[in-house]
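Here it is, the structure, as structure tokens.
Going by the order they are written in, the chains are A, B, C and D; count residues from 1 in each one.
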Amino acid sequence: MGKTVKVGIIGAGRIGKIHAEHLLRLDDAEVAAISDPLAGGELEAWAAKRGIRRITTDSGEVIGDPEIDAVFICSPTNTHVPLTLAAAAAGKHIFCEKPVSMDLQRTQEALEAVRRAGVMMQIGFNRRFDHNFKRVRELVREGRIGEPQIIKITSRDPSPPAADYIRRSGGLFMDMAIHDFDMARFLAGSEVEEVYAKGAVLVDPVFAEYGDVDTAITTLRFKNGAIGVIDNSRRAVYGYDQRVEVFGSGGSVTADNDFPNSVVISHGEGVVREKPLYFFLERYKEAFLEEIRGFIDSIRTGSPVEVDGFDGLQAERIAHAAKRSARLGRPVLLNELEPAGKQHP
Amino acid sequence: MGKTVKVGIIGAGRIGKIHAEHLLRLDDAEVAAISDPLAGGELEAWAAKRGIRRITTDSGEVIGDPEIDAVFICSPTNTHVPLTLAAAAAGKHIFCEKPVSMDLQRTQEALEAVRRAGVMMQIGFNRRFDHNFKRVRELVREGRIGEPQIIKITSRDPSPPAADYIRRSGGLFMDMAIHDFDMARFLAGSEVEEVYAKGAVLVDPVFAEYGDVDTAITTLRFKNGAIGVIDNSRRAVYGYDQRVEVFGSGGSVTADNDFPNSVVISHGEGVVREKPLYFFLERYKEAFLEEIRGFIDSIRTGSPVEVDGFDGLQAERIAHAAKRSARLGRPVLLNELEPAGKQHP
Amino acid sequence: MGKTVKVGIIGAGRIGKIHAEHLLRLDDAEVAAISDPLAGGELEAWAAKRGIRRITTDSGEVIGDPEIDAVFICSPTNTHVPLTLAAAAAGKHIFCEKPVSMDLQRTQEALEAVRRAGVMMQIGFNRRFDHNFKRVRELVREGRIGEPQIIKITSRDPSPPAADYIRRSGGLFMDMAIHDFDMARFLAGSEVEEVYAKGAVLVDPVFAEYGDVDTAITTLRFKNGAIGVIDNSRRAVYGYDQRVEVFGSGGSVTADNDFPNSVVISHGEGVVREKPLYFFLERYKEAFLEEIRGFIDSIRTGSPVEVDGFDGLQAERIAHAAKRSARLGRPVLLNELEPAGKQHP
Amino acid sequence: MGKTVKVGIIGAGRIGKIHAEHLLRLDDAEVAAISDPLAGGELEAWAAKRGIRRITTDSGEVIGDPEIDAVFICSPTNTHVPLTLAAAAAGKHIFCEKPVSMDLQRTQEALEAVRRAGVMMQIGFNRRFDHNFKRVRELVREGRIGEPQIIKITSRDPSPPAADYIRRSGGLFMDMAIHDFDMARFLAGSEVEEVYAKGAVLVDPVFAEYGDVDTAITTLRFKNGAIGVIDNSRRAVYGYDQRVEVFGSGGSVTADNDFPNSVVISHGEGVVREKPLYFFLERYKEAFLEEIRGFIDSIRTGSPVEVDGFDGLQAERIAHAAKRSARLGRPVLLNELEPAGKQHP
């Protein structure tokens, strides 16, 4: 496809708007329509200023538009599967935020529909497009550190979400660590086979009220023999802490946080630099643009998307295994989760 | 002025196009016209894709357009003064690339015309808008390092320009170090009174053929008693090297280079990170956008521009003093340069 | 005790000699005798040069010497308990290399004998005296990062030991990670209650031959609710990798590796610094001196030693638990190990 | 000479005692005698504890002792030349603190006497033995950065000396920057030909009272075409600031400050590490030992000392040129200083 890709955005919350802004910066994409149940004056003004003409409350209108090539599913998680099924049936390429669903069987059904329809599906694991992590992956793939042996990921949010969000988030493993599970697979270049997760409530007792944790260490065993570890916290007072390390037979490669600038001040108290970039919108600003660019390129050239539905499914599997491990207090094999629909506590 | 600022671009070379791209990303600016003596099919295609309708070979047409609020003078240096005079006469705000001219008297005439016309003039010292240097300046201004005592600037290009460019560049001090002279004034918050420049030809003998140098150390004395030093080279094989330090009675603040990522690889040979960002287009990418945003904001709100004509004049004065110092082998007072027209060797 | 502390060294291998050299640099200590079963010409020459007069093959002679205040047990692990019992019976203060034994019951007997004898016992966990880790501990203790929540330790050797050493080492957890287990308790300021260890053989199949692993990730749960993780490898090709992080409610504190110098070279290929200091003798050079200084000070002033027998016992307990966890594939509570003598596989 | 080198220390102030302590740590050196005009109970106790038997108030007794191989001249600057002359006449090797004298002619006479006597003379430029700067020099010598083009030295003390010291110090250039002048020659591998120094009184007006400065920038031109710059301050509130950079045709090599540890704390206010090591005794602790080791090795093996009398003379020459340049406000050629005796203002 050499022409401009026409896109419909479903769900005009924060992330939907961000994707729309990025699409506007691409020469070969166009935002043809936006649907949101709360579409109103504010959204219309926002869209008008950006030359986006069609606003609707009905996602079906977007999916049914024959002019639209691809849809971005940015609505709440429980709508992802029905929208994916509808979009696939309509022959649209799909960009879907993570997770596809909280239920492995449902996610698998969605993927199967996508496969049958022959459309592309990309999952919103934006961190793979981060300048740091992408470079780490390249170096690993090029064999610069030999065979990967230990994968380490530090992933801590600057502050916990609101209680209401916690309740319906799916929990730390499904909502937050799922990005790290995808990153672990991406960096290791291998599938996870076993998971042991140790969770704790150290930040705020509200997490315990919802059966959730706010702090966790997850150990992973990969198919290729490597082992991995992820530590998560819902609150790092110094800002968003996102670092990785891949250690291998030939060396080690690390990616540090990004900082707002390189300024260091030395005074009588010490040598000080600013905190890392505050949160994901700042840290992954460029990555959000790059993931969209990649998706549009794939549609235009027919090359495979960089994060497909199977990647989404596998990260969900690991998240389910981690939840179960934390609950049962023992390592859990991904195999134990089959058949998919049965693994919920 | 609450409305959109209509801009005309004069000179559609690399920098003219960059400014145009950035103006397109601002909600409150519009590129109304572009003039370039070589305007042709390629430029028209470039402009059409961006929705810029009017392309002309005649800068007068742009300056004479009553709808246009501001012009960007991105044409060769020898056209800056006549274009500034014409734009001022037409009541346009002016964004002018550095230097305004190679002749202090001419520059002063241009500034006088701008002053009489009551229009705004901003000089293209983009580095003041760099996230690092801007932060250094803020910390100095806030008194975080006490009274500034030593200003140090490292400024090295990754590779020398073509011989043809060298010939008409005005020399290292006027073409390259002029950015550093502006940075020195910016960081010190004080005027330069005396300059001692030591140049050398160590990179390529072609510089000597044109009476130029490719390596230099310049010592500055500021009005507030501080002293400063700048080192320049036309070729740093490891990339663009742009660092500053302000040392004061209460501490020191430094800004390091920017790197493409934070990745570090440790292997049998050492601990390695990538080279700094290659050159000014990469390093100052955001700064170019920010300087334009600042200019448009000033026009809309009436607030003073952050780099005005006087800043351009002073940097030129220091550049002239540095050239003279290198030639005479002694320190030169800025006072010696008056009357302006007479200082050329 | 205001006078010079007279020391006997038992075992004149590498570590015994290092301790002797350091004692020679202290004003308030004296090496009165050295015993080694292989005592001969070479050792006598070494000792003579340093003014150490008495060399014997009989450790009993050292322990029985009424002039000697303290003994350093630097002989093979299987001699630690009998020598400790004998030294305690003789009323000597004891500095003992780790581990006290491979058997918790035996270790407890030795500690009990020390307690009854009223002598001091310090275990050779030299890393607590490292300038980096000591400072991390201070900052944690001062509450600078609030309540500790996550303890992370990276501990990788530059190259694996000889096969013969592997066979009798007690395995990665007892021989190598035991230092990290002590460090974890030290940094957390809390006892470990549960251990989950995941081992792998990725460096050299010889480890598998001896039922050992060469790569491991160990998750710890502390009494105060904090969680911890240690990753170990027997071979980091870039040198000794010894880093820690303590993350808490008020921030995070990290200690990086030490490097031979601060030199960085930037060239066409990147920005490069040398590898970290090669191995423990280089990295912990000062720490070895400081631990001896601390022990001698404790003897002279009667203040408690900084690493006592109980610290030795607890690290052994964690090591046993880690071995069992890796073998059984499930988390192990330290409580499960009682009664001590029964926990061996 | 295969035997132990017997050393006499002349002047038992701080630096004399430091050298003595280091000599005691070398296997092949012995401190045979110490002279100090104020020799008394305190010094005798200090020496007795270290097994140094002979203490005298008469330097002549040390120099005249036929058993002594080498003398360390650690007495006030105005005694360096007569003591050097006497020691050379007595056939002793000489380690002399910098500067040899404040008068180039006198220094040259001392060097001439040393030459005629055929003894070795090492000057106390300890920084050449610093682990960082030594490595920088090695990399430059190995051609790792191609041809050196720019030498940059930052050298700032943590706090100014007492007024009484300032008065008789010889001034910033002769007392403090002289180390940097030696470092510049060492790093460049070339002689300085021209000096331009810009001084200022920004730290404390007391410096002006003694005709001295407390802040300075010195530009150097080397014989091989390279240029250099040194910035000095008598007070960096964040501690001793000692950094160098050599920039060349093939890259750049830098050495940063040394820090007491590698600990970094991240909290709500920023990312903080401790200040650099406080002053020269901390920063150059190992370098002081290494310079003595080198001197003793040279005596034993007959290999040339690493910093000889000529190095001392050249650094003094540059210091005189810098003082003159700062006074006259123009660059000064080292050639202008001849004949040596005449250059004083």
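To be clear about the criterion, a residue touches a chain if its C-beta (ideal position, glycine included) is under 8 Å from a C-beta of that chain, and two chains touch if they have at least 3 such contacts.
Chains and their UniProt names: A, B, C, D = Inositol 2-dehydrogenase.
Computed from a prediction, not measured in an experiment: that's the story for all the values here.
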Fill in: Taking each chain's C-alpha mean as its centre, the one farthest from chain A
D
Worksheet entry | Centre-of-Cα separation between chain C and chain A, whole angstrom | 42
Worksheet item: Distance from the CA centroid of chain A to that of chain D, rounded to the nearest Å?
Response: 59
Fill in: Distance from the mean Cα position of chain D to that of chain C, given in whole angstrom
41
Response to the item:
Multi-partner residues in chain B (2 or more other chains touched) are 236-238, 241, 250-252, 266-268, 274
Discussion item. Thinking of each chain as a vertex joined to the chains it touches, would you call that graph a line, ring, star, complete, or other?
Written reply: complete
Worksheet item: What residues on chain B touch chain D, complex-wise?
Response: 147, 149-150, 152, 154, 156, 196, 198, 200, 202-203, 215-217, 219, 221, 225-229, 231, 233, 235-238, 241, 247, 249-252, 329-331
Fill in: Complex contacts: residues of chain B adjacent to chain C
236-239, 241, 266-276
Worksheet entry | chain D residues touching chain C - in the complex, by the definition given at the top | 25, 27, 49, 131-132, 135-136, 139, 144-145, 250-258, 260-268, 274
